[in-house]
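The data blocks that follow each hold one structure.
Paired with chain B in one complex and with chain C in the other, chain A is shared by the two complexes that follow.
What follows is the complex of A and B.
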């Protein structure tokens, strides 16, 4: 086994003990990246990475990110590095500043090796809509199954063992769902806990920075590094941060966990249910309270339409600056309006145009109350109902997805509970800004599936501590396709 | 709610400043029957119209003011670096008036 196959904290120990050098780690990461067949990166940062190597100095014992290779979803601004959000409209765009999270990783002397593929402009959950084509699930060498999106390349890179850490973004479930399909830990902290400065806005009231690791401890290390107030992001929280790594070892004997009946019953996959039931039994056996509780089914069935209305509507305005005038790909025209129309026509894929049209429809004067405003009201009631559960429970535990990663072009009944609830319930975490983490739960047909734990706003430490105990109970830690082969 | 037909969709694309092929309009018009059925599920929530719209996930009150520090703004050449066409210090576009 190569040291690159270890978790961040284990690689860190090896770096400090000089069992490996950052150059050897990066050489191996690029060897893997360049021979990978999953279509998971947009732009290699090889030149910058090797320049950074020269500035590292001696290993820093108290800095676990020192010399750690990582990848960056292509919707984070990276100074001097092509950043397209996997959309043709941003072809050629080279940002002039770094996103705050990118800057923090650079300051910690982590080594960025590439920008990762994604669903175009983060609008999608399948990893198939990016301008470089679909990203494949590394667990499926036949390339029949998705990894999921929108943070598809980031998830695939960590699952394929290319890097132990990758930045993603999560507006509906774009980190936590692909984490389920890739056997990974996928975490988004409380809304405002991590600065979003430099993350391309999609739906600002739902957008979160998220990331992939292969252990809960690594997720806590990443939160220690990335959390905190940022004057560049007016929505970033001034609440003090905690030592999340230290806190994962806090006992959870007194924790109370809820399972939402109406979500649980929407999941029909026998393997997922069996693994989930088994987990619940094991958690209860530790003396932890796990109760199955009811939540209004109408609210659960409204999660997906609420998300679609709000996200599409807000995306139309947040992407209005993509017009080919000041940056990005321009198409010629007789007037500036022609230039904008031609640039947007050529620059957006049909799927993005579809989303913009749904959004525009929801915002039409005749529909604004019935669609857009009603969705905002539904969001309030969904969040209120979940907060009521948090009055009595510390966390909500649920299967992260209805099953393993679906096949490309798999049909689903868009009005079934399986689609509306089981496949979309993670958006609750975005509606309420709740800290939410997916970790591996089991395998079916050699494909992984995950479980999700969601907690109260700012209870990030509790979510990580509960997830850490669940990881111990489940026994899946540091999964990747390379380690599965061994 | 406004009825969806191809003309409504075409009107929307004009406002959104892009165009689509006829096939794409026909496909999307059909898809809208499912989209509307999904949107109608929101109406099934008891008391939804009486609820207060939610804009942000929770109350955020920023009661700190940052220091009024002098900072260097982006250099002009940096701002213009990504523009497809530049004339001097300006973005170049076709003439608006003759």
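What follows is the complex of A and C.
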């Protein structure tokens, strides 16, 4: 076993104890990256990283991110490093500034290995729509199963043991779903808890910075580092940050947990249901209250259409800057209209254009009331219903996905509850800006699946503390394909 | 058949702030292109808008000056369209909740009538990049992209070119006095779009609306409207339909000409800007902003005519130029002779500035020095003529006006102890004149006064000499 296979906190101890040097860690990370077959990175940062090594100095005992290799989803702005969001329209775009979270990781002297692949412009959940082609699930050497997206490369890199930490972004479930498919901890904190400055916008009111780790404790460490007010993002919260690592040990004796009947019953996979039921029994056995509660099924069925309308509508506007005029890939033309049309025609895949069409349609004057505004209203109703549950419960516990990672090109019945509810309920966390964490729950056919905990706004510490207990109960900690082989 | 023009105005005012509306890039019009640009101004992905507090304060100050209701919660929306000068592909504006709502402005027309113009909304938004068109290319300057703008929209309340011209003049007066904007139409810091349609008098139904853009002076606002009114009237009388279109005013032709026909009104697909949360404005913040506003021209006019008792005409002349009014205000701290001061600023000083083609800020005589000069005239130490001579000398000197007058022997003698013996001597030298005076020939008095002045080489205070001569002659 290599020290790189450990969690952040374990690697940190090894670094402090001089059992390994950052250079040895980075050498190994690049060796793994370069021999990886999962198509999980856009741009290697090797040159910058080796330069950075020279500036590290001595191990910092109180800084767990010192010398830790990590990856960055390609929709975070990285100064001087090609950033395309896996879209041709941004080919050649080299940002002039760092995203706030990237800057914080640099300041902590963590070591960036590469920019990770993703679904094009973060629109998608499969990890197949990026301009470099599909990213594969490292658990499936036959390359038949997706890792999921849109943070596909980040999830695959942590699951494959290349890095113990990767930045992702989560607008519908883009961190928490691939975490389920990759046997990882995937976390997005309360909306506003982590600055979005430098994250390419998809739907600002739903966009969250998220990340992958291989333990809940690591997720808490990352929140300690990344959370807090940022003057560059006026939607970031001025609420004081907490010591989330310390708080995960506080215990959850008085916690009350709800399972939503209408979501639970939409899960048909026997393995997932069995593992979930087993978990509930074990949690109850610890004296923690777990109740199955009802929520309006119509609202649960409305999650997906609401998400599609809101996200497509706002995506048209948020990507209107990608016109080939000032940066990115330009296709010339006679007039500015021609340049924009040609650049956008060549720069976006058909899938993206389809979303823009849906979004423009929803925003048109004659449709806005019936589509966009109704979707906003539906969002509010869904959040209100969930907040009512939070009046009595500290967290909602649900399977993170209907099953293990689906196969490429798997058909799904878009009108079934399995699809509408089981496959999309994580968007509740985005609608309400709730802190939400996925952690591994079980395996089926050698593929992992996860469970999700979602809590009240700014109860990030509670969600992490509950997840920490669940991790202990479930017993899956620090999963990666390398450790599975052992 | 007679037609009535229905006119609404949309005015964009560039707000004078140190930095841009949503980024921290500085604003400076004398810098080379594309040197004052933050990542946000180029719409680099991941940048986020931050509201400029000073621009908000200035929008509040203007809303208050226009008697508007001020929204105590700031909301921004996106106006979506593609254009090469619009980096983000949308403009951040305030569509659903403008900061100022429903106000008015009273105009005094040439015939003395008061016209009240109702104002629908005032909102904050951002400017686009500047385009420079060449034969085969267009260059973009992003220094202008993101400069704060305020848009002020009237109800269709106006009916003549004169009213429109007066309205724009008044808006410019307000924005310049409040120090919110340079208000220069020629330079584009104040832009006016006109919406105009005609309808038969008495009709309630509005006619087809024509928009006139690119008006670069206040005079052209009036000219364009007057031309357009006649053009539309002629068409209507010939039974032709007015086409919904955008026109501009061609200065050489003195006519409005077509820019483009508007097919369907553009759908800007407005929706709320999620990157700026609603911002609560406390009563205190709003009140402080208003209290901080420099005195408006209207307030100054009130002070000049009521407190300083200036003639209306002089007050108006002073207020034409904000710098002149400010200079007058400075000088008024040091003298009570307000009307004389106004006469001087509007007369001697302005004449000099015109002659030299300079602004009052370039005048080498400080306001307090001019006030001292006026005080010397008021107490009789200087005649008006001497005052003008001293003024000329002051232009090239830092010395106190009294010192200058002394040095050049320009001081009026006002000491009775010096004048009296000369008067007595002159009377005894001119018995004939004394007799003539006693016989009722008033002109004789003037002769004696003239003799005294002559002996004193013109430096004696004439009214004092007059007074002493009268007293002494009556004693004889």
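We adopt the following convention: the second predicted complex is superposed on the first by the 486 of 486 C-alpha atoms of A that agree within 3 Å, B and C clash if a C-alpha of one lies under 4 Å from a C-alpha of the other, contacts with A are read in each partner's own complex, and residues count from 1 in each chain.
Here is the rule we go by: contacts are C-beta pairs under 8 Å (C-beta built on N, C-alpha and C of every residue); 3 or more make two chains touch, one makes a residue touch a chain.
Note that the coordinates shown come from a computational prediction; the quantities given were computed from them, not determined experimentally.
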Practice item. Return first, second, both or neither, reflecting whether A:428 touches chain B, chain C, both chains, or no partner chain. Key: neither
Review point. Just chain B (first), just chain C (second), both, or neither: which does A:316 touch?
Key: both
Check your understanding: Can A:357 be said to touch chain B (first), chain C (second), both, or neither?
Key -> first
Exercise for review: Check the residue A:283 against both partner chains and state whether it touches chain B (first), chain C (second), both, or neither.
Suggested key: neither
**Study point:** Partner chain(s) touched by A:395 [first = chain B, second = chain C, both, neither]
**Key:** neither
Exercise for review: Tell me which partner A:116 touches in the superposition: chain B (first), chain C (second), both or neither.
Suggested key: neither
Check your understanding: Does chain B (first) or chain C (second) touch A:64, or do both, or does neither?
Key -> neither
Review point. Which holds for A:368: it touches chain B only (first), chain C only (second), both, or neither?
Key: second
Practice item. Decide which partner touches more residues of chain A, taking chain B and chain C as the two options. Key: B
Exercise for review: Could you say whether A:327 touches chain B, chain C, both of them, or neither, answering first, second, both or neither?
Suggested key: both
Point to revise | Touching both chain B and chain C, residues of chain A | key: 93, 96-97, 205, 231, 234-235, 316, 323, 325-327, 336-337, 339-340, 360, 364
Point to revise | chain C to chain A touching residues, read off their complex | key: 39, 42-51, 78, 80, 82-84, 87-90, 138, 140, 267, 269, 271, 274-277
Review point. Residues of chain A touching chain B in their complex?
Key: 92-94, 96-97, 191-192, 205, 231, 234-235, 237-238, 296, 298-299, 301-302, 304-306, 308-309, 316, 323-330, 333-341, 344-345, 348, 350, 353-354, 356-358, 360-362, 364, 366-367, 370-371, 373-381, 383, 414-415, 420, 430-434, 457
Check your understanding: For chain A, which residues are in contact with chain C within the complex?
Key -> 75-77, 83, 85, 90, 93, 95-97, 99, 196-201, 203-205, 231-235, 313-314, 316-317, 319-323, 325-327, 336-337, 339-340, 360, 363-365, 368, 372
Exercise for review: Write out the stretch or stretches of chain B touching chain A in their complex.
Suggested key: 1-2, 4, 8-9, 12-13, 15-20, 24, 28, 31-32, 34-35, 37-49, 51-58, 60, 62, 64, 66, 74, 78-79, 81-85, 91, 93-94, 96
